[in-house]
Structures are given as C-alpha cells and as structure tokens.
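Structures follow.
Here come two complexes built around subunit A, the first alongside subunit B, the second alongside subunit C.
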Partner chain A sequence: MGRKSLLVVDDSATFRQLLCMSLTRLEGISQSDITQACDGADALRKMQTRDFDLVLTDVMMPNLNGLELVHRVRSELQNKVPIVIISTKGEEAYVEQGMKNGANCYLLKPISLPRLREVVSGLLAM
Partner chain B sequence: MHLNGDLSDFALADILQILSLGRKTGTLLVENGSVKGRIVIEEGRITGAEAQPGGNFADALIRRGKLDTGTLAQLRRIGTGCPEWNLKSLLLESGLLNERDMEKAAIMHICTLVARLVDIGKGSFRLLLNETALVNAFDNFKLAEGLDIGEVLLQSATESDEAQRLVEPAAKMLSGQFEPASKKGFAAGAGQNHKSGENHKEAGRTPAPTNGAAHNGNVSRYVAGNGAAEPNEPNQQRIERFYALLAELSANSALMEISLLVMRYASEFAARGVLFGVHEGELHGIGQFGVDRFMHSHQVDGLIRNISIPLASDALVACVARERSPYVGRLPRSYWDAEMLQAIGGGHDGLQALAVPLLRNGSVVYVIYADNFGTSDQLIALDELIALTSVATLALDKTLLQQLVVGAEAN
Partner chain C sequence: MSQRPEDILKVFSKSEELLDMIQRGRAFTEELMAENERLRYRMVQLEAERVSADEIHKREAEKLRLEADLAKQRLEFLDRRFHEIENENKDFAQRYIEVEEQNESLANLYVASYSLHSTLDPHEVIDCIKEILLNLIGAEEFALYVLDEDTSELALAGYEGDPVSALHADRLALGEGLEGLVAANGEAIFALGASDTGEVCACFPLKLKEQVVGVIAIYKLLAHKRQLTDLDHRLLELLAGHAATALVSSRLYAQTDRKLKTWEGVMSLLRER
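And then the complex of A and B:
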C-alpha cells in the first residue's frame, strides 16, 4: 500500500487526536498522512484544495455537521472519496441519513482498533 | 468525621469488614512510610483503590501488557488540559480497550491493591467518612458497581494460597532428597545481609568473609542442592566452575557483560532472577532468567523492563542497593516486594531470595535479584556471592578506568 492521505474531522481536539493515534497504529499510516479539520466547513475547504484517500468525520459539529458535509462533498465537489462517519449518534434516522447522503460506512463510538483497521484498510484498498 | 489508628491495633481487613457491615461510605487511608494507599468504599462496597508510588491503574495495565509506556504518555498528552477526560475514557475512545476488558482489568487491579494494602501490617490508617474522591482521578477510576469487601478479602487470601500451592508440589517432591539447609549450620529462612539493615535483621549467621574466603573447600555447604548444582556433584567441579567464572569476570571489560556473568552464576542455583539497573533514584528491570518459565506470557522481557522500584523504598533490592551489601534469606514482606512479585509472579510464602549489588566507582549500578520460586531449595551461598561481587566490582571499576584512559588518549 503506497502512502495514503486521510482527513479526520471532529470539533473535539481530543477525539481528533485519539482517532489519529488509533489510525497511526494501523499498518502503513503515519501522523504525516493525516490532516485534521475542526468542523465540516473546515473539512470542505481542505478538500477543495487537495485530494484525500479517506475521510473520517464526526456528526455533531458546529458550522457544518458531518451529515451535511457528506452531502456537499458528493453533490457540490462531486468527490467520490470514501467517507466514514464516526459518531455517538446511533439513532436509525442519523445512520439512514448519513448513508443516504453518500457515506460509505457509519461507525458508532467507541470503535475498537480491530474494527477500525478492518474498515479503514478495506476502504483504502478500494 | 475522621478516625485515626495504628494497623498494629486494628487489622485493615477487620476495619474493611466493619465498613462493609455498616454499609459505610468513605475513604480508608493507609500509610507505612514508603507507601500511601487509599481504598474508597461506597455504601459498604469497594469502588476504588490507589497507592503511591506505583499503584495506579495505568501502571497495572502496563504490567499486564495491556498498555505500553509510549501510548500512556501519548494519552496523557492528549488528555492534558481536558479535565473531563481520564485514562479510562481515553482508552475506550481510542479503541485500545473495550468496556468489558477495562472493567475486568480495573477489578483485578483493585483486588490486587487492596490485598497488598491489607498485607502491609505495620503503619497507620485514617478513615475519612463520606469522602470518596481519588487523588489521581486521571490514572484511576471508580467502579460503577462496587466490589463486595468480603469477596475481595477472600480472593486475596485465595491468591496467597494459590501462590503457596505452586511452591508446595515441588517442596513435596523434593522432601527427603536433600538435607535441609538449617541442618548445615544455617537457619532456614534466616536473612543474611552483610550489613545489618533494619529490614534484614533476621536470625544470625556466621559472619561472611569479605575477601574471597569462599575459595576454600567449604563452598558447597552454602548451596543446598538445586538447579544445576546437584547435591552429589563433586565439590571440585563446582569450585572449578566458580573459579572459571571469577577469571572470566576479571578478564571482561564490558559493563553489561559483567552483570550478565553474575546473572549466569545466580542462575546456577536460583530458580529465577531479575537484573536491575540503578538510575536516577530508581531500580529498573533490565533482564531476567527463569521468570519466563513461570509466566505464560510472550512479553516477559517487556514486563521486566516495566518494573521500576524507587531507590528510597523498602524493597529488598532497594535496601541492598542503598546498603551496598548482598542479602540472602527470606524475602521481606514489603509493599514494593509485593509489587515486584506481582510483575514476576508468585507470592511471598516460602520464598527465599538473594540480592547482590554490583558497584562501579563506588556507586551501585546493578542489583541482581534471584529467588527459589517453585522449589523448596534454600539460597544460602552468601560467601560465594560476596567474593563474586568483589571481583565484579573490580571488573566494573576496570571498565571505568579503561574509558578514562581511552578518553585521555583521545585528547
């Protein structure tokens, strides 16, 4: 697997750092492969300037939430990058909306390392 | 309301049972000089426990191989400045541990800690009624559902019995085969320290020679046949091996190699051993022999490297390092010795231990710990050890001189 670029989107710096720490435990991913965004709007700006191989986003965020972010990435940017939603919001309505907007996967926090490895390596191999 | 007392008047187990029966809420503080512990009780059940130094949940996770020091440091950095986050939430959110494993590890940790604090015996206690806060709320956490005090005490007693049971079969198997060490002029279990530290004042022994007197024909009397040193092995053969080792030590000039040679010697008559390096006021585990035979873990060396004992503590290896004198005898009961046994396995009962300091330029740089875990053999080869320590010290000093010479030549 060559070098991959990942975008981690969460308004909580702690969650972002934890997710980055977990990602860097996966084979072939280092800290320098990961870009962080503090909300959906920030993520959208970053995705307009460069390409990513995978986006991992929270749902509940100020400015632009994760569900809206997925929708705008698919509709406005016409970007097919794999997107994983990671949220504590497990209600069916959220999951349905996320997948309908174009997310590839919806994971509930907390995610075990093996599950994260399975999802991330699967999507990066696509 | 606060209640103070001495553990010699009220056993900690009794106090805990009273709190359990009365469904009390509060914190029981225990202190014995080098260790400060606290047990949090809510409505008569134990919800948390911590001890300083070294008794954090984080330390326990590292010892059990669930967490490494690098990740812990990383989690600490991430959690800095976020009071709402603690180690538990960070571990859960990072996916490193799940809720079930976390709860299981926390219960084990609390039970172990309570058992160890109950075992302290000497010291003082203080009961702070209706206070339930932990001192280190980042590294430790309280269980949502407390543990039954009776069950925790029973479990600690069972663990102690099981540790003893590991020793007994070997003892039974060997009984009658070897003459007990006590019949050979040494009291079984008698502490033998070259100097008389408070922790080592046990039954007396013949004063040990300090300058190679072990080179006489009586060397074998100090070894009560175990491991490679068979009781019927000709003395001459043992003496030759010993001399060969002394010669090898004298000829060696590598710092680590010298300590390993002494370890090799210890492995000839002890069941297992740990090499400690002394650095910045602490003794750190460096290497081991035989520990892996008793532990079903692939990470034994990692666990050994995670052992860290304050030099100022009451641990046997710390006392030996401070007093610069070897020790052979019963492993004293102390918080830090229990902590070390937690890492390498087994309990205190029936355990004979030896600890040898290795000096370089007047400072202790290594301490070798070895014991008879899993056997009934006595470790009483103090005179040989003193001779060996002297030669090892000379060899270590030589390494320093060589470094100085090389440095001077380079300049």
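And then the complex of A and C:
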C-alpha cells in the first residue's frame, strides 16, 4: 500500500489525537499523511483544495455536522472518497441518514481502535 | 531240426533290429537319467533359492516392521508437537489480543492525560474532561462537581445530558446525595452493569493525593454501550488523578494570572502618577 492521505474531522481535539495515534499504526500512514479538521465546514474547505484517500468524520459538530458534510461532499463536490462516520449517535435514524447520504461505514463511539484500523485498511485497499 | 538259409538270414536280420532297438532304448534311458539328474540338480538349486528368498523376505518384513514402528513413533511425536504448536499458536493469538487491548488502553490513557495537561485554562480542562467522558468512555449523561474550598460545597462545573432528570442541584454539601457522599468519603462507587435503559451509577472522586477536589458522576451510558469495561475503569482511575491535578493547576494559574494582572494594573497606575 502506497502513501495515503486521510482527513480526520471532529470537534474534539482529544478524539482527533486518539484517531491519529491509532491510524499511524497502519502501514503507509504517518502523522504527516493525516490532516485534521475541527468541523464540517473546515473539512469541506480542505477537501476543495486537495484530494484525500479517506475521510473520517464525527456527526455532532458546530457549523456543519457530519451528516451534512457527507451529503455535500457527494452532491456538491461530486467526490467519491470513502467516508467513515464515527459518532456517539447510535440511533437507527442517524445511521440510516448517514448511509443514505453516502457514507461507506458508520462506527460508534467509544470506538475499538483495532476495529477502526480494520475498517480503514479495508477501505484504503479497495 | 534243420533250418533253411533264408530262415537263418531272417533270424539274423530280426536280431540286428532287436539289438538296434535295445541300443536306442539304452540311449533313451541314458538321456532320461541325465535329464533326471539335471532336474534334481535344478530342484536343489530352486530349493536353495527358495530358502534364501524366504530369509530375505523375513529380513525385509522385519525391517519394514521396524520402519513402521519408527514411523508410528514419529507420527505420534509429530502429532504431539502439532498439538503443542497449535496450543502455543492459540496462546500467542490470545496474547496478541491482550497486547492489542493494552495498546488501545495505553493510547486512550496517553491521549487523555496529554489533553488534560495541555491547557491551563480551567474551562478548557472541564471541556477536556467532558470530551473524555463522552468520546472515550461513552457516557451520555454525567456531571462534574468541583469542591468550593470557601464553602466546602460541591459546585457544578460541567454536565452533559439532561440536567433536570439527572442532577439534584447546582451545589451539594459534603455528604449530601451520592456525589456528596463520595466527596466526603473519597471512595469511588461503581455499579456492576448498566440497566436496560443504559442507566449506570459510577461516581468517583477527583483526588490530589488524599485531598478530594471534585467528583465526577456518570448517570447514563450511551444506548449502544452495555457497561463500563476494564479500559473504562482504567480511564476513570486516570481521570480521578490527572483531572484533579489539571483542574487545580489551571485554577491556581487562573488565580495567579488574575493577581498578576491586578498588580500590573496597580504598578501601571503608580508609574503614571
């Protein structure tokens, strides 16, 4: 697997750091390959200026939430990048909406880091 | 009795034929005897060969039996080793899972402690504690009380979820309610498992050495989270120590900063005069 660029979107700096730490354990991903965004609007701006191989996003965020972000990435940017939603919101309505908007996977917080790496490496290998 | 010469010649002729027949019979008999001798010799040879072949076969059979015994022993040994290695493999797989869990635990603990000590702003420390409780532990409703040293009361510093249903009051006296009791005793209280509605009772003191500086009470876990895991307990233990240090440090820094600014203002006024 060559070098991959990832975008981690979460308003919690603590959680972003945890994800970055876990993802750098994957082959071909270093700290410099991971870009962080503090909300959906920040993520959208970053996605307009460069391409990513995978996006991991929270749902509940200020400015632009994760579900809306997925919708806009698919509809406005016409970007087919794999998107993984990681949220505390486990209700069926949220999961359905996320998948309907175009997310590839919906994971729940608190997350199992080995499971996260499994999902990410699977999507990056596609 | 007189015989005619023709008769005599006839008798001679027959006797020569007879003699010839006898000679041929003799030659045939000698041939038979020679053949008999040759066959007897051959029979002795074959008998000897048969005995030799039997010996060889016996030896071969014995050799094969020994080889079969050795192969059986080898097979048993390999079978034992296979089971031993299979068990070792299972053991390694189990240990790998344990190491992965430890790694996960360490990553969570590292990130949590790093975040707690990365700021000297009391509000940011409280936000960080809330992030840890929500994102790393999976608490849906919780409250953070900080001990007010002036009044010896617990003051509500932050919460998540519905404050009306979960929290009793903005301020609690020591010994009042579960939170006050934990603050007074300095001992944590954990429920064994979440109920069907996800409600849980985990209340633990934030301690700086033996001094209680606050209390965190978890009233409800996220719906998909059944109970607090070992990792959660370790994170909560870490929070109990590090959150207390971070809270006290940030409060002291904020107080000192306020005093410094006051003194700087006073000095500025004095310089102007």
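The rule is simple: the second predicted complex is superposed on the first by the 126 of 126 C-alpha atoms of A that agree within 3 Å, B and C clash if a C-alpha of one lies under 4 Å from a C-alpha of the other, contacts with A are read in each partner's own complex, and residues count from 1 in each chain.
Here is the rule we go by: contacts are C-beta pairs under 8 Å (C-beta built on N, C-alpha and C of every residue); 3 or more make two chains touch, one makes a residue touch a chain.
Nothing here was measured: the structure is a model prediction, and the numbers come from that model.
Participant: Since both structures carry subunit A, what do subunit B and subunit C do when superposed there: clash or fit?
Facilitator: Result for subunit B and subunit C: clash.
Participant: Please work out whether A:Glu91 is in contact with subunit B alone, subunit C alone, both, or neither, and reply first, second, both or neither.
Facilitator: In the superposition, A:Glu91 touches subunit C alone.
Participant: Report the partner of subunit A that touches more of its residues: subunit B or subunit C.
Facilitator: If we count touched residues of subunit A for both partners, the winner is C.
Participant: State whether A:Leu113 touches subunit B only (first), subunit C only (second), both chains, or neither.
Facilitator: both
Participant: Once both complexes are aligned on A, which of 2-10, 74-82 or 110-118 in subunit B overlaps with subunit C?
Facilitator: Superposition on chain A puts subunit C right on top of 74-82.
Participant: Please write out, lowest number first, the residues of subunit A touched by both subunit B and subunit C across the two complexes.
Facilitator: The overlap between the subunit B and subunit C interfaces on subunit A comprises residues 14-15, 17-18, 21-22, 109-110, 112-113.
Participant: Which subunit C residues qualify as touching subunit A in the complex?
Facilitator: Residues in contact with subunit A: 100, 103-104, 107-108, 110-112, 114-115, 128, 131-132, 134-138, 140, 222-225.
Participant: Can you list the subunit B residues touching subunit A in their complex?
Facilitator: Touch list, subunit B to subunit A: 71, 74-75, 78-79, 82, 85, 90, 92-96, 98.
Participant: Which subunit A residues qualify as touching subunit C in the complex?
Facilitator: Against subunit C, the touching part of subunit A is residues 12-15, 17-18, 21-22, 25, 88, 90-91, 108-110, 112-114.
Participant: Touching residues of subunit A toward subunit B in the complex: what are they?
Facilitator: Touching subunit B from subunit A are residues 14-15, 17-19, 21-22, 109-113, 115-116.
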